[in-house]
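Shown next, in structure tokens, is the structure this report addresses.
Chain nomenclature is as follows: A, B, C and D, assigned in order of appearance, with residue numbering initiated at 1 for each chain independently.
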């Protein structure tokens, strides 16, 4: 029992501290943004330290809580990534919440609870654990998407996200029930054993298909991506940043764990489902983004496309594929949070900051910020020497090596297409001068700016000196199996 | 009479299934949300009955308590709160989706049906395991309880956080927004 | 004797009705009820398989599902209440500011 | 210095950063901005010269010297056993050898001169655009130098993408004009098609060889050519796709003429001397892959030869002074690829080298002319500029003679070398494709005739006769400032002198250039074949004769009191031919008429289909709005022309189509997802049957 609790300590810690933040938020009569924000960041940092200690004190191969929970390198990598994401999002939210005058207590607590859910997902090796973690994450994000209750759009985002999310999790659950019926277990290792020992019947296949539908919904892959543009546009921008990286990375963690781990014996069936979905996702996301004038929606389609790229790594499979997905998630996290951070800066004017035209002439007025955005756009487009290039290189190399040349052809072609819309923003910033009539300016938001700087530096450092990060991804993913 | 006794379980099952299905159809067909909610209640109760037939007495109790007792009251409460009946019926956008939705639904049912056909001939195991605690026969409730608190302790704890989040969510979403500042 | 197949057919019917209902009902409250139908269908499966396999896992999992369904309903109804406050409607198809 | 190669691109990068991040914001004076920019490119030149000298002196010109700056991409999958990826390590490494030294020299040299020239040319711009311009120009130098110095395909690709980006930014520099912005877009999209090939080639190389390092690749191939022969063809062809895009060859040449929308110094630097030759450089750099594949070599030669003639014919009838030069550039690039395809990589590179001088000189001269004519680019309203701007005239004439191939100027040596090598390939029956090579040789000769003709047509219409513009323009005519004429003079001197480095026709010993490149880019040997001395002299006489007759015809038609009468009569006699050529064979229009119209029809058809089936759900107003925006998109498409616009329109059409799924109502989304459920379940059942 003691070992169990040590392995679970990071989640326990974060959940407890989240409740503390919640209570502190309720107790402070006047909203204390700075204090609560600092508290949340400190809580996340403390959880990080705890994670480090817990990782040191547990055996990466051991199973806890009746074999349902592991703290292997894979889980540690993702947990660290989630904590980083949550901390960056809390920092991004600080100025934004204050400016829009919304209470920070519940907001921060929900971000932290969602992170607890994501961490549980990354560690679960039993479908029950993964499912409850998923729901914890999902329910927290539904509320966060609708947190700006005076905004019609935020509300609409919550409503749509909730309805479609509930539908997808219902489908996922039905798939789980069929898999349980066919194999008699929810434990991933047992599942793999049972599926390998006998040819599974059609009910297991239907279950896998429905499970894949639910998972693809969470990573926003075609044709289950329909919620993404509306929800991303409507949600408060820091939450959009959060949703586009945190829950997505968590969904990939469970996708890898369940499909490459537990459902490996059925690979022949699901690999084509996922492969075709990946190709469609890349095509759909990139092409639909081309004519998008609202930057948040454009980034939403872009994040659909990026889910497609990451799915390529999942299809490639093997240690190389898993490594490349992990590394890509890291790259994508810093890049996308930076890009959304920039949107937050510009959004400060109330209505501006969402259309491409608002970016006109920014390079002249705010060269440093524009340079940061240039880096993020180049990184999303996969141009060397940014991190995005490195991430794509590894994903595609893994896929070519695994023999999925057709998928890589689609991916490369589509990332070429994608540059068109990323460079539209660059073009606006660097070549247009703005129409002169009340140009969009950036509002002072010191913490947002610091986050952007940090992400910009990270994008360059990962692009130029990826060695330590790759080593981390490699050490995390490959040391032991996924089960 | 003997026929009745021999097939008692089947008769009960078919009756419950009919009620459940009728309730489900009612949910979709009734225009009034109150009728739909009452119809859903019928489904919930019938499903609880099926749970009993499936030797899941504890689940049946939970189903009645949580669904019929909690969720349904919540539904009715909200329906009353928002006075859904007073809201005018505007031209229905979704009506045009009905043929497509029904067609797709039929297709989905057929495909999933094909899938489960092969796996579904199963007859029950003796069921002793469903009421066994640490090797000793007890009741189903004890068995589920043991399993819940021993083997499934972790998801149980996580679910408790889910409930907390739901509480926060209901308060955050439901509270009145009094101008800027959003005081609780 | 009721075989698993019987229950599966019932659950499949409930599942399909739930999925179809989500696409054809405009009232948000009814849509939420359809979600409950889908979850109930999944639970029927779990219980039936649990009996067939003589394995408690299905029943325990169903407990979680019921709990989460209740949580989901609470949040959904909160969203509905806020929706009515903001837009004076419970019709989901009138929540359509964003598109494209 | 040879161990500090990374300093060379670093200087212009710093210049770009200072001007772009600080100067642009603070609104520095033009003087400060130019000082920073010139320091950046000047230091790059100095460092390049020092590095070349050090390399030649300390390790010898036959040696390859590599600087590993740092390990860029470490052994990423080191612990895996997944094939060759296990050992894949990519260094950020720079390499100096004969090939990159040549490029290094003229990129920094010509680049510096064009920086100087720009100081005069851009002085009319506001302070901020001025700083922006020089920041981009310096950034371009950085990217180009990275491309040239890269020791492996990945580093080269960094530069490759960088020059594309800078080219895009600079073409669109005068963004107020719509056509400039759309030209930038066109250049960008066409280049992306090429880059796509390059990137796939890199992946394929990784898969086959497990490395992208040039030295390692060469070693691997030379140790066992037979093993890699099969993979060489696809890799080489994909690389060539990249080269075709970057170097504006058929059928992706369409962007280069439009790219003339940028400032003229940019056309000189990027779209004549350096970036567009990157494709040739890349083929020469990877010649060890190309030479393994006769198919790829033949494709290179045929594409090059056809482009050379095709573009030259279009150049015959253009009236915009920069367009003539642009088509001429496309045509000359074709010659370079023709040489490479005939196995004469060093001859191709030699033409790259000489072409950099005279084509940069021509563009800068044209810029000087445009400057004098207050921005007018139409040759029909020029004339008689000789007496107003003598320096520009004389330097322009020298460069023209060089391009026309008149001995003993630079173009004569390099072009003759190419034609001789192609002839040798033909007569020696290289790869068994002798007939094709002979045909290409004949085409090349015809192209040389046309080159001489259109260049002298240009000189006569612009500089000779009487001025045909308005009085105001005539009043304004003046020689350009020193900062513009001095670079012209230097480049003209280069156009005279550069050829003497490679006098291959007077014996192999005198071909210093080929000797220099031999260790890294040796020509493909044609076994047992040697063109005799007599034949060589005959070839020389033939090409000189062809050039002179082109000049003679142009003079007869466009010079003296009878000027323009003969071409008029010719046009009257063959009206169809002349208008066809003048309209660039209606390539753009043909795309419009056939493909675009077809697409429109299709679009309209699918529109109706959509409207009935899916769109029953969407209300009419929204439908109308989307449709209007769509058709206004199509209208744009008819106004602007060409293949690229077609591609862009197809994407735009698809994009709007896909976005229509996002029609705003949750139930609709639920339905789309249900379609997904059905498809997934059906596919799973089918796959697992």
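What to note about this one:
The definition used in the following text is that a contact is a pair of C-beta atoms (placed from the backbone, for glycine too) under 8 Å apart; a residue touches a chain by one contact, two chains touch by 3 or more.
Computed from a prediction, not measured in an experiment: that's the story for all the values here.
A comparison of the A-C and C-D interfaces places the larger number of contacting C-beta pairs at A-C. Chain A and chain C have centres, each the mean of its CA atoms, that are 26 Å apart. Per-chain CA centroids place chain C at a distance of 61 Å from chain D. Chain A and chain B, compared by their mean Cα positions, are separated by 31 Å.
Between chain B and chain D, the centres computed from C-alpha atoms are 67 Å apart. The set of chain B residues that touch two or more partner chains comprises 93-94, 97, 100-101, 104-105, 108, 111-112, 114-117, 120, 151-152, 155, 159, 162, 165-166, 169, 171-173, 177.
Counting partner chains per residue, chain C shows two or more touched chains at residues 4, 15, 18-19, 22-26, 31-32, 43, 48-49, 52-53, 55, 57, 60, 64, 68, 71-72, 75, 79, 82, 92-93, 95-100. In chain D, the residues touching two or more other chains are 659, 662, 664-668, 670-671, 674-675, 677, 681, 685. Shown here, the protein chains touch in all possible pairs. Against chain C, in their complex, chain A makes its touches with residues 128, 131-132, 135, 139, 142-143, 146, 149, 152-153, 155-160, 162-163, 166-167, 170-171, 173-174, 176-178, 180-181, 184-186, 229-230, 233-234, 292, 297.
Of all the residues in chain C, the ones that touch chain A in their complex are 4, 15, 18-19, 22, 28, 31-32, 35, 38-39, 41-43, 45-46, 48-49, 52-53, 55, 57-58, 60-61, 64-65, 68, 71-72, 75-76, 79, 82-83, 86-87, 92, 95-100. Note for the complex: chain B touches chain C at residues 9-10, 13, 17, 20-21, 24-25, 27-28, 33, 36-37, 40, 43-44, 47, 50-51, 53-56, 58-59, 62-63, 66-67, 70-71, 74-75, 78-79, 81-82, 84, 87, 90, 92-95, 97-98, 100-102, 104-106, 108-109, 112-113, 116-117, 120-130, 140, 143-144, 147-148, 151-152, 155-156, 159, 162-163, 165-167, 169-174, 176-177. Within the complex formed with chain D, the chain B residues making contact are 93-94, 96-97, 100-101, 104-105, 107-108, 111-112, 114-115. For chain D in complex with chain A, the touching residues are 20-22, 24-25, 70-74, 76-80, 82-85, 88, 92, 128, 132, 154, 157-158, 161, 165, 168-169, 172-173, 175, 181, 184, 188-189, 192-193, 195-196, 199-200, 203-204, 206-207, 651-652, 654-656, 658-659, 661-662, 664, 666, 668-670, 672-673, 675-677, 679-681, 683-685, 687-688.
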